[in-house]
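Before I ask anything, let me first share the structure, which is written out below as structure tokens.
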Amino acid sequence: MINHKMPLAEFMAQRADVLAQWETGKEVDLEEALAYQKAIAPQKRFSARLMKAKAEGETLIQPRAGVALPEEHLKLLKTLQDEGTADLLPTTIDSYTRHNRYAEAKVGIDESIKTGKSLLNGFPAVNHGVAVCRRIVENLQVPLQVRHGTPDARLLAEITMAGGFTSFEGGGISYNIPYAKNHSLERTITDWQYVDRLIGYYQDHGITINREPFGPLTGTLVPPCISHSVAILESLLAAQQGVTCITVGYGQCGNLIQDIAAIRTLEKLMHEYLHRYGFDKVQVTTVFHQWMGGFPQDEAKAYGVIAWGAATAVLAGATKVIVKSPHEAYGVPTAAANANGLKTTKQLTMMLKDQVAIEHTLIQAEMAIIDRETRSILEAVLTLGQNDFGISVVRGFEAGLIDVPFAPALCNANKALPARDHHGAVRFLDFGNLPFDEDLKAFHRAKLEERAKAERREVSFQMVIDDIYAVSKGHLVGRPR
Amino acid sequence: MINHKMPLAEFMAQRADVLAQWETGKEVDLEEALAYQKAIAPQKRFSARLMKAKAEGETLIQPRAGVALPEEHLKLLKTLQDEGTADLLPTTIDSYTRHNRYAEAKVGIDESIKTGKSLLNGFPAVNHGVAVCRRIVENLQVPLQVRHGTPDARLLAEITMAGGFTSFEGGGISYNIPYAKNHSLERTITDWQYVDRLIGYYQDHGITINREPFGPLTGTLVPPCISHSVAILESLLAAQQGVTCITVGYGQCGNLIQDIAAIRTLEKLMHEYLHRYGFDKVQVTTVFHQWMGGFPQDEAKAYGVIAWGAATAVLAGATKVIVKSPHEAYGVPTAAANANGLKTTKQLTMMLKDQVAIEHTLIQAEMAIIDRETRSILEAVLTLGQNDFGISVVRGFEAGLIDVPFAPALCNANKALPARDHHGAVRFLDFGNLPFDEDLKAFHRAKLEERAKAERREVSFQMVIDDIYAVSKGHLVGRPR
Amino acid sequence: MEKTTVVIGVIGADVHAVGNRIIDYALTQAGFNVVNLGVMVSQKEFVDAVIETNAKAIFVSSLYGHGELDCRGMGDLLKEAGLEKVLLYAGGNLVVGKTDFEPVEEAFKAMGFDRVYPPGTDINQGIADLKADLAALG
Amino acid sequence: MEKTTVVIGVIGADVHAVGNRIIDYALTQAGFNVVNLGVMVSQKEFVDAVIETNAKAIFVSSLYGHGELDCRGMGDLLKEAGLEKVLLYAGGNLVVGKTDFEPVEEAFKAMGFDRVYPPGTDINQGIADLKADLAALG
């Protein structure tokens, strides 16, 4: 980990190793890639599209999607663009590639060809290489982003950026803690500093690539202050390497007041912390993820969850919304099911587009809470690391000052536990080592006591379990039934 | 028309004629019917279920449904109850019955038997008679309501109330203006005074039947003040005949602020006007209708519209919500499609149930507008008729003081024209003879000018047409595109 | 040149008035002389109006699901009146429920309709067809 | 009486941790001794854990869609280790996409799994089956 923009020579030296990790690495020619990126029209660039939407108060819609084979992948994305009216397109990477298991991805590709169905849960971009990526980007009319969950995404970034993608999701924290088990944060932050440096390199040459820390983390009852802290720390790490266009994200919790407050506070705190460290020229946009936890199996109910996420995204004023499909509870959606989720979402973003923003004294109050919580965490973490972002993150997680609920990563404390309050807002049932003052803790306890009293039971882990299942069973709060 | 509770003898004299209208009339024995109704358990009574929901802040869900043949109809309702989790059930009556064309309904029944598919758009309850109605009510677990659109519903009411239904939709205005062409208001109000008197008779014997004026009227860009005026006038007419449990309705316009303000103002004004005329013991609940205008053909988009209606109903605090299906744009839904609309709705009512009510200074402002508009209409109408409700209504419509947009009835002025403002709230483009003062008119004009300016075109009938199509084409405001 | 007259209306016990108003507006804008019978129109009223106004076409709307029952015999009625050359179109939500459109089209054509439209048809489609058919008739 | 040991874990490169925590909790509540290998567990780790702990059953979870690729040969591996009597269950979202469950069940049974569960199965169903199967084994 470093605490400064990586010197060019150092970056170039590391590149050689990165490109050697898989045979397709040699397809990347950085100078040629710059020229290729420069020729991409503004309406196909993520950064330009997002800034336009932000200026016009529009909420863009984007699906997740990826299959093993290029032609099928292109066909899928075309359907989502034309039939689903997606404003932005993804390319979701398969899990083998995410773990740099390119040989296994190869088996998946071969088997997919043989059996005629995609046996991978995403698009193995590294195996396919630069030219294939470009063919995909060129045959579509809207901007494309790489969405994955890769702890070490250096080669993936090299190939897909040379391949013409204009946005890259992830970060050293958000693609480690929820997506890995044994990776150290030192390692993943270092690897992501490389990714951000690569994008900083493009930026230095006049090409803006959008970066998006993965907001929802484990997608399961993550309180806003946790994901906000991660988003801001990752943004600082990215900005330090020269990234100038960042979309910070948040996964819907389901309580309207909390969700609106969360998106607004996220944007406000981003500006404040970027400013504190002198990264004033970074363009900030927001992404709202439709409910990321367990979905109802019934498709009609799933449509309800999707629509509520769409409505909340617009009411919260997010720049874009990531869309789920009615197949969510079962598996990777068909193109048609995916397009259906998009269409439901578009109907709502369009119907809500012209309506006025919602104001509420409770939104103000909730914003104050999230602000205070997030600030508590960030100040404690940044103090511990003496403003060295990487060290702050590593020590912060070690000390449990940031703690992501239900994370698989062993470097996460896994002590903090969330549960919903009586109105469905996500609070803390166990603080672990979160650096909250007594006032803040009393607030959370009172909120859960209010619920416990209404449900005539004790505050306990059973509430957490009930809340995990609640949405999939047709509720928000997991009441005893 | 009368302006007092109909004397019992007069009512009984009329009954004889009514029951003679079709052969099944002779099946009705009022004393026996009282005993039958008395034996219905509270959880199967509309009134009790609604008051419980209101007390608990719950929003109940109810579909529309009806097919030609009894067994199929029962099966359909069972599906909606068990699979669709409907809290309340309907029996939607076919259009021939609505026009008292029982002979044609008979042809429809026979043809339906012959072809094996329902050729009627609803359940012909009069033709089927009392015993069949009871079999249906008895085989279901939730309360049942008759939903129709019948200008002269006297025989239908006799048969279905004896048949065990515990709620009856409609009224002399709301089932005339949007549902008929040549009926005079004198006639339909007189006929509905009979219906209300019948229900008053049940009430006098301790049996509460719920009454529901049909809120959405033509379902097409009806400004809240118009439907509110009709709802309140019909409620006064009903209360006068002894009705004590009334659910007033409103069809979603689509702008959240306006919709919330509309439901709240409706309840407030109801209490005020009922009180003014001494009907203080009437129990008032509200029903919110999911979007009643043209629907998108695409089912995924239709789900979006349905979900937004469900969410708004809860946020507005309505006691129940009437649910559309994803087949809406095509035709009477299959049982499965109907259940799907219910499930989407239930997912949202459950997820939003525990959330706090939305407050907004704009909601207050909108409530003030709706209050003023509705009051202007009601005062002008009631003054004209010297507080004789029936005469007030007849003269009010004659003078165009109330004017329902897009109504087929020749007794409606059809001069007022609605259009959406820049934020999607429904305003007046043409006031016709609505008794609005200059301030109020200036408000509407300014609102439409704001939109016209943004769209760089004149305020014109083309806006109305564009707005009629807008939701079905995936928008709220019909912008030039 | 004189304007061609088209009779429009919503058949049977059907009161859906919105589409009817739009069809009126669109046909008028397109240069036709529109005789609008409104809602709840019987077959006989349609035929009488054609005779009275020397109309060249009828646009029958049926939204509420009883279209099949209501339109039966309409072609014969025109024929009996010697009006087989009058163009007879139907549109709206012609049958109960969401079904394949082909059998519906066939059934209506068998009843004497020249053109039959599925739910939500853009009225301009109907007008374009009308112009073409009128031109073909000369 | 000693508690029966069950090995649980999420196979392959799969990191879905939530269900795994709930299965741990539920099996523990039901009186079993749970050896939880967490996420990203290889076939070998499962087998080694069974040998080490003398477990009577394995609950394999696979959520992310690569279950079919990851579980291939698992039955054989157990057999080779002389552990054919160990109950082998799989659940989660075993294959990519929403499909009929029957062929999936067949494929996994062919790979040596005793019981195979569709998406969103209530874990108590798995526990009830486990008790029945253990009782049958004696």
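Just so it is clear, A, B, C and D label the chains in written order, and each chain counts residues from 1 on its own.
The rule is short, and it goes like this: a contact is a pair of C-beta atoms (placed from the backbone, for glycine too) under 8 Å apart; a residue touches a chain by one contact, two chains touch by 3 or more.
Note that the coordinates shown come from a computational prediction; the quantities given were computed from them, not determined experimentally.
The minimum number of touch steps linking chain A to chain C comes to 2. Centres computed as Cα averages put chain A at a distance of 30 Å from chain D. Remark: chain B and chain D have CA centroids separated by 54 Å (rounded to whole angstrom).
Mean C-alpha position of chain A lies 45 Å from that of chain B. In chain C, there is no position where the chain touches two or more neighbouring chains simultaneously.
Multi-chain contact residues of chain A (touching two or more other chains): none found. A linear topology is adopted by the chain contact network, the touching chains following one after another without closure. Under the contact rule defined at the top, the touching pairs of chains are A-B, A-D, B-C. Here chain C touches chain B in the complex through residues 12-18, 21-22, 25, 38-40, 64-66, 68-69, 93, 95-99, 119-120, going by the rule given at the top. Against chain C, the residues of chain B that register as touching in their complex are 95-96, 98-99, 101, 104, 107-108, 111, 117-121, 149, 178-182, 218, 220, 293-294, 297, 327, 329-334, 337, 406-408, 461, 465, 468, 472.
On chain B, the positions that touch chain A within their shared complex are 254-257, 296, 298-301, 303-308, 310-311, 339-348, 350-356, 358-362, 422-424, 471, 474-477.
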